[in-house]
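Reviewing the structure listed below.
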Amino acid sequence: MKSLTVEQTTDMIIKACDAIVENKPYLTEVDSKIGDGDHGIGMAGGMEKAKTMLTEKRPFPDINSVFKMTGMLMLNSMGGASGVIFGTMFLGGVKNIEPVIELDGHLMARIMRGSLDAIKERGKANLGDKTMVDALEPAVIALENGNKEDLVQLMKEAKDAAWQGVENTKNYIAKYGKAKTLGERAIGYQDAGATSVAIIFNAMYDYVESLAQS
Amino acid sequence: MKSLTVEQTTDMIIKACDAIVENKPYLTEVDSKIGDGDHGIGMAGGMEKAKTMLTEKRPFPDINSVFKMTGMLMLNSMGGASGVIFGTMFLGGVKNIEPVIELDGHLMARIMRGSLDAIKERGKANLGDKTMVDALEPAVIALENGNKEDLVQLMKEAKDAAWQGVENTKNYIAKYGKAKTLGERAIGYQDAGATSVAIIFNAMYDYVESLAQS
Amino acid sequence: MKKIINDPSDIMEEMLSGYISAYSRYYERVPGQNAVVSKERRKNKVALVIGGGSGHEPLFIGFVGKGLADAAAAGNIFAAPNPQLIAETAKAVHEGKGVLFVYGCYAGDNMNFDMAEELLQMDGIKTAHVRVWDDCASAPKERIQDRRGIAGDVYVIKIAGAACDAGLELDEVLRITEKARDNINTIGLATSPGSIPGLNKPTFELGEDDIEFGMGLHGEPGIERTKMKPANELVKRMYTELKKEMGLKENDEVAVLVNGLGSTTLLELNIVYHDLNKLMGEDKLIVHDAEIKRYCTCQEMGGFSITILRLDEELKKYYDTPCFSPYYARGEIK
Amino acid sequence: MKKIINDPSDIMEEMLSGYISAYSRYYERVPGQNAVVSKERRKNKVALVIGGGSGHEPLFIGFVGKGLADAAAAGNIFAAPNPQLIAETAKAVHEGKGVLFVYGCYAGDNMNFDMAEELLQMDGIKTAHVRVWDDCASAPKERIQDRRGIAGDVYVIKIAGAACDAGLELDEVLRITEKARDNINTIGLATSPGSIPGLNKPTFELGEDDIEFGMGLHGEPGIERTKMKPANELVKRMYTELKKEMGLKENDEVAVLVNGLGSTTLLELNIVYHDLNKLMGEDKLIVHDAEIKRYCTCQEMGGFSITILRLDEELKKYYDTPCFSPYYARGEIK
């Protein structure tokens, strides 16, 4: 499979929303260890609102609108660091892209690169600072380096890279967010935001994969 | 043994103070069950102050002063229901008695009868209302009915009667104090103030008894 | 249960010293006594003296101030103040016009205040008292004098203070204060115990999911031990009790206090008020004023109480006057 | 952990509705937004807008009022408000003279307020902000911008409000508010966790006898986990840190806030002030004003913080002006 339609992209993002909502307790637990424990509530709240709106407002004219709608709802409902960061994850990538109606590997890579750059611009975090960047950046690189002709394989490599990024965050000291004062004590614990990124990529992969099967 | 000197009476009351202080945790526990748990602190605080003053100010000119000093210090330091009630237990009995320098069984009975009457006047509680009256009244009756010539035996009967009174309080519903709202639920639990009365009589008996031995 | 204290026997001394030194702008101490006196106490008027056991802060010491009490006698933890302390406190603020005592109706308080009044009267000082018995969960109406005083204290103090300020005679201040008292009811519920400072002990025991309706401030039992429920069900039950007790009906004008007992948060108390306001709205009560505060606590006890004061024109006049203490300020009313 | 709430997803809605309806005398809501607006907001002056995550009540919504903030944007529990909410809140009170934002320095708040300012500036509204970073336990002085904002928020809001009231231009209000911020430090300690309303979870874990110096309001670690000690030892250590941090010396004039984090009682906080006052006296600090309150909480978290504001004549002028909100009233100063 090479690409998704706007409707399929909408379904894919809804699956990502569902996955975050399902993982609310897990994200809460992860954030409780070294953060303030609200990441699960925040993400689930934002993505639930996004899902509702995506479901009500569908169909959308283009891929861009699907991402933009999701990002705007997260940005303007969640609040917290993750509202801006994850809002930007969906908003930032499509900002400078002309309307498209097909999501292929090239576009996916371009959108996510744009998101990553916008997030780094906004949040100032770099690889190794124990944030969601540690999951998103490897996923973007995987998207950029992978075979754009096989969307399933490409998304698999991206989600694997994201999960590897989550693993890596265990070795880092936090430079941003509420864990930054922990210093060495944060080592051994994974970052909550990075975990959300991996869950989102995982769900997107699952959708693409099941679509390819059917 | 027939009677105590003023100095011996002072020692006896000091022993009663010590006994209450030693039993502070026990009284706390008893009051916690159906009251607000402060009876041990209150009684121990008041009787510690009384002991300090009795020790500093001794010797006293008469028996009356020993009781009065003890009562005043309890009344004006403890507060709470027990400050008034137990203050009155030491103050009320000597109020209308001319200065005496010997404490025999007759005087003991007279003092404690006066205390009991003053307490009932002040607090309105009667036998069976689950208060310290349930221990004091039987003790007073024992003092009045016993053989005044044998102080040790007389005090033994008084303290036994007081302890029996404590046992009896377990069967009563409280009409006064913080347990009164408990209704049936107070049954099975002894009254804290009654317990204090028994501890005080017990200590007075122990003193008299050890004095007779020596 | 970690308590931030020093030697338990210094609690009262240090607590009062801390409060009075922090707010030395407003307060001084009756020398040698556990009593807080307002620097702006009334001149040439009936003096208002309050008091009770400590451990319920800000009550009582936090209600000394302009338009409020002239002084408070602070008993030991959960124990009524002793007669000497009460009498000395009253003497420190007496201005020849008599003293009104306002305190919660508990056996200990009643006896100690009575003895203090006897002492003062022997010294030729006119006295009167109002015992607050607002807790309608603590005894049936027929035995109203067996009821406990809880958060309703605050309203009684407020109105008594305003009546004193008005320069009325003692018997008139007494009449108005009793009228306030007779138009106030409170019902509380507990979700978790407080503790006795200095002892490492909870004031009562309560199962993981249990709550007690009508529980007293020291853990005295209430009307029913039941299971935890959503806020709106708890509030509904409490409001229903109050409504029945007070015979509240359409167009009755009320002041309402949602009072946290200690550890229950303002967030939760706000939700309680949200639910309560809905019910009062359905019944078309006129809410003249509302407060969401922690006024009458029992250490870190969990739970809250709802107090309703039914106002008429006379009570409203006294309710609305400005007053100020570090914990209770009114004055920006428009 | 029993919380008095209804459906967890209604917490914000009901909490704000409760607060605003109880104090409808003073407040209204920005339609459709989780924002509290003062009915007596400034006219023709710089507007002061505050905000942050909820769950810390009375902060922030309790500091909207006369002489204080014109409005507060209430984020979800422990989460900064979103940019749209902040921008709408600001628009509701903007009077053409610009808007000053005061908020605690956290990654989430910084990013959301920054985005809101971008939105407002696109609409031609002048904006500025002061990030409060008073918690000196949260990062070394060299990385002051990494420090968290805790109870010091209160003093910054007070002084910013007074500067707005004075009718100064935005840049002058900004200068004074930054000056206040730069003269405030706080250090806290935690004895027990709070909880996240709606989740039945403590915000952190702490051993039976353990406390944490410098712990943040959400349970972020501080400078040391240690054993529980008597109040005076805790206070001594905290005061020593503040003194070193601020270089306090004889005759320095200060305002001091002892702030309870939630379940710690006023009785304990009074004892803390007693101990603190002794140390300040030994050092001959001049205590211009002191408060013992629960202003900046984290649900039923146990512990307290000490905030010191060093005053000069300019700051004192703004500190001393009257103000009023249901939770923070000054005005009876003589």
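All chains are identified by letter, namely A, B, C and D, in their written order; residue positions are counted from 1 within each chain.
Keep this in mind: contacts are C-beta pairs under 8 Å (C-beta built on N, C-alpha and C of every residue); 3 or more make two chains touch, one makes a residue touch a chain.
The structure presented is a predicted model; accordingly, all values stated were derived computationally and were not measured.
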Length of the shortest touching-chain route, chain A through to chain D: 1
Any chain in contact with chain C as well as chain D: none
Between chain B and chain A, distance of the C-alpha-averaged centres to the nearest whole Å: 75
Centroid distance [mean C-alpha coordinates] between chain C and chain A, Å: 54
Inter-centroid spacing, chain C versus chain B (mean Cα positions, whole Å): 33
Junction residues of chain A, two or more chains touched: none
Touch-based graph of the chains, sorted into line, ring, star, complete or other: line
Pairs of chains found to touch, sorted by chain label: A-D, B-C, C-D
Residues of chain D touching chain C in the complex: 2-7, 11, 14-19, 21-23, 25-26, 54-55, 57-58, 62, 65-66, 191-192, 197, 209, 211, 228, 230-232, 234, 256, 258, 262-275, 277, 289-294, 297, 299-300, 302-304, 324, 326, 329, 331-334
Chain C contact footprint on chain B (complex, rising order): 28, 32, 35-38, 41-42, 45, 75-85, 122-123, 176-182, 185
Chain D residues within the chain A interface of the complex: 9, 53, 75-85, 106-108, 111-112, 115, 138-139, 146, 148, 196, 198-199, 201, 203-204, 216, 218-222
